[in-house]
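Next come the structures, one after another.
Two complexes follow with chain A in common, the first pairing it with chain B and the second with chain C.
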Partner chain A sequence: MVLTMQRYVSIFLTFARACLVRDMTFRANFLLECVTSLGWMSMNLAFYLLIFTFTSEIGRNTGWSKEPFFAFVATGLIINSIVQALFMPSAEELTEMVRTGGLDAVLVQPLDAQFMLSMHRIDFSSFANGLVGVGLLGWAVSRMDHVPSLVAWLLYPLLILCGVVILYSLIIMLAAATIFLGRNQSLYDFWFYLTNFSRYPAEIYSGPWGGPLRMLCTFVIPILLVVNVPARAIAMPLSGEAWGLIAATLIAASASLVISRLVFQAALAKYRSASS
Partner chain B sequence: MHNSNRGGAVDTDGAAVITVDSLAKEYRVYDKPEGLLASVTGLFHRTSRLVEALRGVSLTVGRGEFVALLGPNGAGKTTFLKLLSGIITPSRGTAHVLGHVPWERADDFRRRFALVMGQRNQLWWDLPAAESFRLHKEIYRIEPARFERTRDELVDLLGVRKLMLQPVRELSLGERMKLELVAALLHEPEVLFLDEPTIGLDVVAQHTIHGFLKAVQAERRVTVVLTTHYMKDVAALCERVVVITHGSILHDGPLSEIVDRFTTHKIVTLDLDATPSPGQMERFGFPCEIRGPRVTLRIDRTRIADVLPEILRSESVRDVSVEDVPLEEIVATLFRAGAAPPMAEATA
Partner chain C sequence: MSDAASTDRALPHATGGPFAGLRTWFTMLAICLEERLVYRGDFIIGTLMRFLPIVTQVFLWTAVFNATSKADIAGYSRNDIVAYYLLTMVTRAFSSMPGLSGGISRSVRDGSVKKYLVQPVDYVAYLLAARIAHKLVYYIVAILPFAGVFYVCRSYFPAVPDALTIVAYVLSLVLSFLLGFFMEATLGMLGFWFLEVSSIIFAYMLVQYLLSGHMFPIDMLADIPTGIAGVSIADVIRWLPFEYTAYFPAAVWLGKIQGATLARDLCIEAGWVVVMAVACRVAWWRGTRRYSAFGG
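Moving on to the complex of A and B:
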């Protein structure tokens, strides 16, 4: 088991090294990607700052005042940058691999196909947003009235990991759909629509439509747990409700991983390949 | 059709490496009717067909054999290789390669074979092949010393040492294919599946690859199954030929047997002293071509021993050559004489 883990870490580092070498080969492209990504993020941050010139809190009595909300945004940036850097490029490439038969070469290698297909391309430029997220988190936490406890700081990386696992599982299931359908070019669009729900505090989903939507996005497709739970752990006191959500996040992450694995295996068994 | 011809298997080392029994693969394909209205209708109601890519094929391949799979486009050759390498699962039948069921995709099995597809690039496109080799080393758990020794041997054999450090996208097709072969053989596979490895290559590259494959197969006792459309590949490399048409095996045996079994004629070319008069040569055989004093005749194999002395007696012959019908021609005839068309049933 340890040897297997060592081997997979070693292969991942080889992928990472090769991707870095490739990125450095096309330096202008790499820098442009960083600038585009940072530009998009800056516009979003400016938009949120604009909102806080009109209001002091997102929702009434939700606790999401300016600094806690920016801790929320920072958490989202960190999680999304990890997912965008490690998994999204490979998932996007999978669509083409299924359509052209490039997946064949992966299936003949003595390696877990899910590992290979979800981690062979790494987009280092996406880590730029994550680094800004870490800075933003530091800024927001230092200005918050609430001081996070040691337990909250210990839980935070674990919950970030859970968020990444939930998003990764969603990507894997969307990628599996590519194998079933033979072509799924809307993968990235669908991903964007789904993850859009995770970018705002869960409290905004209230009322006759918002309530059921919140339940759906918490317990069926646990997308609302991804950013909300780690952000709440760091930005607000750990109340009884918070512990319940933390437990739900741990369960959701484990269940998502298992279900996505089963779906992916079923998809691979149905793979038809493409004509040569 | 179940084909039980296994007579061609030559178990050179006393062990069957590949055994296939009644292997079949069917695909359901959906018709895409032409036109906008038909496309919109197709969203709600589609017609499909069952295509039999492989129809109950059986064969055995012994260790160290070099087997060619020949067949026209769509005959089922690549499907067969994909089944043997575990990429797809069959509809019916069984297969064992190196004692494993391929589509169970056991790591122990996948470490012991390699697949090279001439029409697909398996190296990292933007990086030098050396980077792909390094990844290969990790994936196949090749010991560093063994990796370096094998890599150096292979690149020297193909003369591509300098190309290892050049980005793959900057290489010619022939150079790329040579490096693909190096990558495929780094982990010293016992079985090598080659799907049209010389497609699109010039004669020099083809010749180099022939020499390389011969050397590797002889030295390492690798079992090779090759699909190709080039008879030069077959003639240079393979003793055994399996002809597949419409998903069934039409012939399985030595290459020489194809000539004996499927040709009734020999081609005799004569250089005469003068241009023959019309009808002068027809008594000996069918004149395929008469160009001045050079005459090409198609003569029945059973009559050749009688006809040739008669020609030499009655005509002024400066030079004569007797050849078999070109392999390409024999195989084309074989392909045309294939089994029934692949459509099995249609459903709405």
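Moving on to the complex of A and C:
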């Protein structure tokens, strides 16, 4: 077991090295990619700054005033940059591999197919946003009224990891859908639209439509746990409800990882090669 | 290659009267219609999905209005903002041109553009016909989800505006289609000068997204100074082409722009269409002159 793990770690590092060499070969392009993704991010930050010129809080008495909200945004940046860097480039290739039959070459290799398909490409430029996220978190936390406890700081990386795992499982399920259906560009768009719900504090989903939506996105597709729970742990006191959500996140992360693995295996079993 | 560009204008007459050009154009339209209808299921799902980000925006703005005691922000009530986002979806359905600039620059890079240089077909006219076909099919399929969403959200809209406003609205939409087309086509033509334009396209998308009013009504920038006395960021954006591809038609329907301002802004929009159409044509002429046909 340990040997297998060591083998996978060393293969992953080899992939990472190859991708880094590739990125560094086209340095100008790499820098441009960093700049453009930073551009998108700054644009969103500007939008949030604009919103706070009209209000002091997102939702009445929710506690999401400017600094806690920017801690929330920073958490989202960190989680999304990890997912975008490690898993998205490989997942995007999968659609094409299924269509062209390139998937066959992966299946005959003596490696776990899910590992190969979800981690063989790493996009280092996506980490740029994550680094800004870390800086933004530092800025926001230093200006907040609430000082996060040591327990909160210890839980934070773990909850970030849970968020990454939930998003990863979602990608794997969509990848499985690609194998089942053959072509599904809309389903990949679906990923972006679905993760869109995780961009803002869960409190904004209230009222006759918001309440059920919040329940759905917390317990059925646990997308609202991804950013909300780590951000809340750092930006607000750890109350009774927060502990419940932390437990829910741990359970959701483990469950979605197992379920996505099962769905992916079932999809591979159904795969009929497209190549001749 | 400039010879080929000049022969394509002469050829339709050589192949059968003044209507031959029109017939070619309609054939291209028909082919594109058929091509698009192949993936109609994907289309309907895709259209409905595009409304999902609005749902988030609606909840976000509702939360913002709940937290403040103001009835309106920059002249927009909460209902206005919901209606605004829905209306920008309509504008984007006209002005967005997915894959246009990327497609043009790719055809230059891989050499497939040369088939348009030797055929009696004008490339820009072909692209326009293809785009109209693409849009027509999009509307035929998208009208159902659009109508459904607008019906559900009807309470957010103010009363239907008067006939003149509706005429101005339709005109602004048609112009936004042409503006979007010529802006992106010109961008794609840059492929004649730079082999890889994807980063330029990305930078354009970024500026476009921010300045078009896709994220928020441009009126919200009216109080943000530029540094020049009496000129706000919103005043500057008014003279740029971007806001006409999302904000402007929506603001017209909601009655935020009226009278002389409306007439002036429509003129600015039409002016930009002409400027970009000329830029696109010039880029095509100069580009084909320096084109050296890579690829097999």
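Criterion: the second predicted complex is superposed on the first by the 274 of 276 C-alpha atoms of A that agree within 3 Å, B and C clash if a C-alpha of one lies under 4 Å from a C-alpha of the other, contacts with A are read in each partner's own complex, and residues count from 1 in each chain.
To be clear about the criterion, contacts are C-beta pairs under 8 Å (C-beta built on N, C-alpha and C of every residue); 3 or more make two chains touch, one makes a residue touch a chain.
Quick caveat: nothing in here was measured; it's all calculated off a predicted structure.
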item: Chain C versus chain B on the shared chain A, clash or fit after superposition; value: fit
item: Touching partner for A:Arg143 - first (chain B), second (chain C), both, neither; value: neither
item: First (chain B), second (chain C), both or neither touched by A:Ala105; value: first
item: First (chain B), second (chain C), both or neither touched by A:Thr25; value: first
item: Partner with the higher number of touched chain A residues, chain C or chain B; value: C
item: Contacts of A:Ser56 with chain B and chain C, given as first, second, both or neither; value: second
item: Distance in angstrom between the closest Cα atoms of chain C and chain B, superposition on A; value: 5
item: Those residues of chain A which chain B touches in one complex and chain C touches in the other; value: none
item: Of chain A, residues touching chain C in the complex; value: 29, 32-33, 36, 39-40, 43, 46-47, 50-51, 54-60, 62, 183-186, 189-190, 193-194, 196-197, 199-200, 203-207, 210, 213
item: Touching residues (chain side chain B, partner chain A) in the complex; value: 27, 78, 82, 85-89, 105, 107-108, 110-111, 113-115, 117, 119-120, 122, 124, 126-127, 131, 134-135, 138-141, 167, 195-196
item: Residues on chain C engaged by chain A in the complex (per definition of touch); value: 42, 45-46, 49-50, 52-53, 55-56, 59-60, 62-64, 66-68, 70, 73-74, 199, 202-203, 206, 209-210, 215-216, 220-221
item: Chain B-facing residues of chain A, complex; value: 7, 10-11, 14-15, 18, 21-22, 25-26, 100-102, 104-105, 107-111, 113, 269, 271-273, 275-276
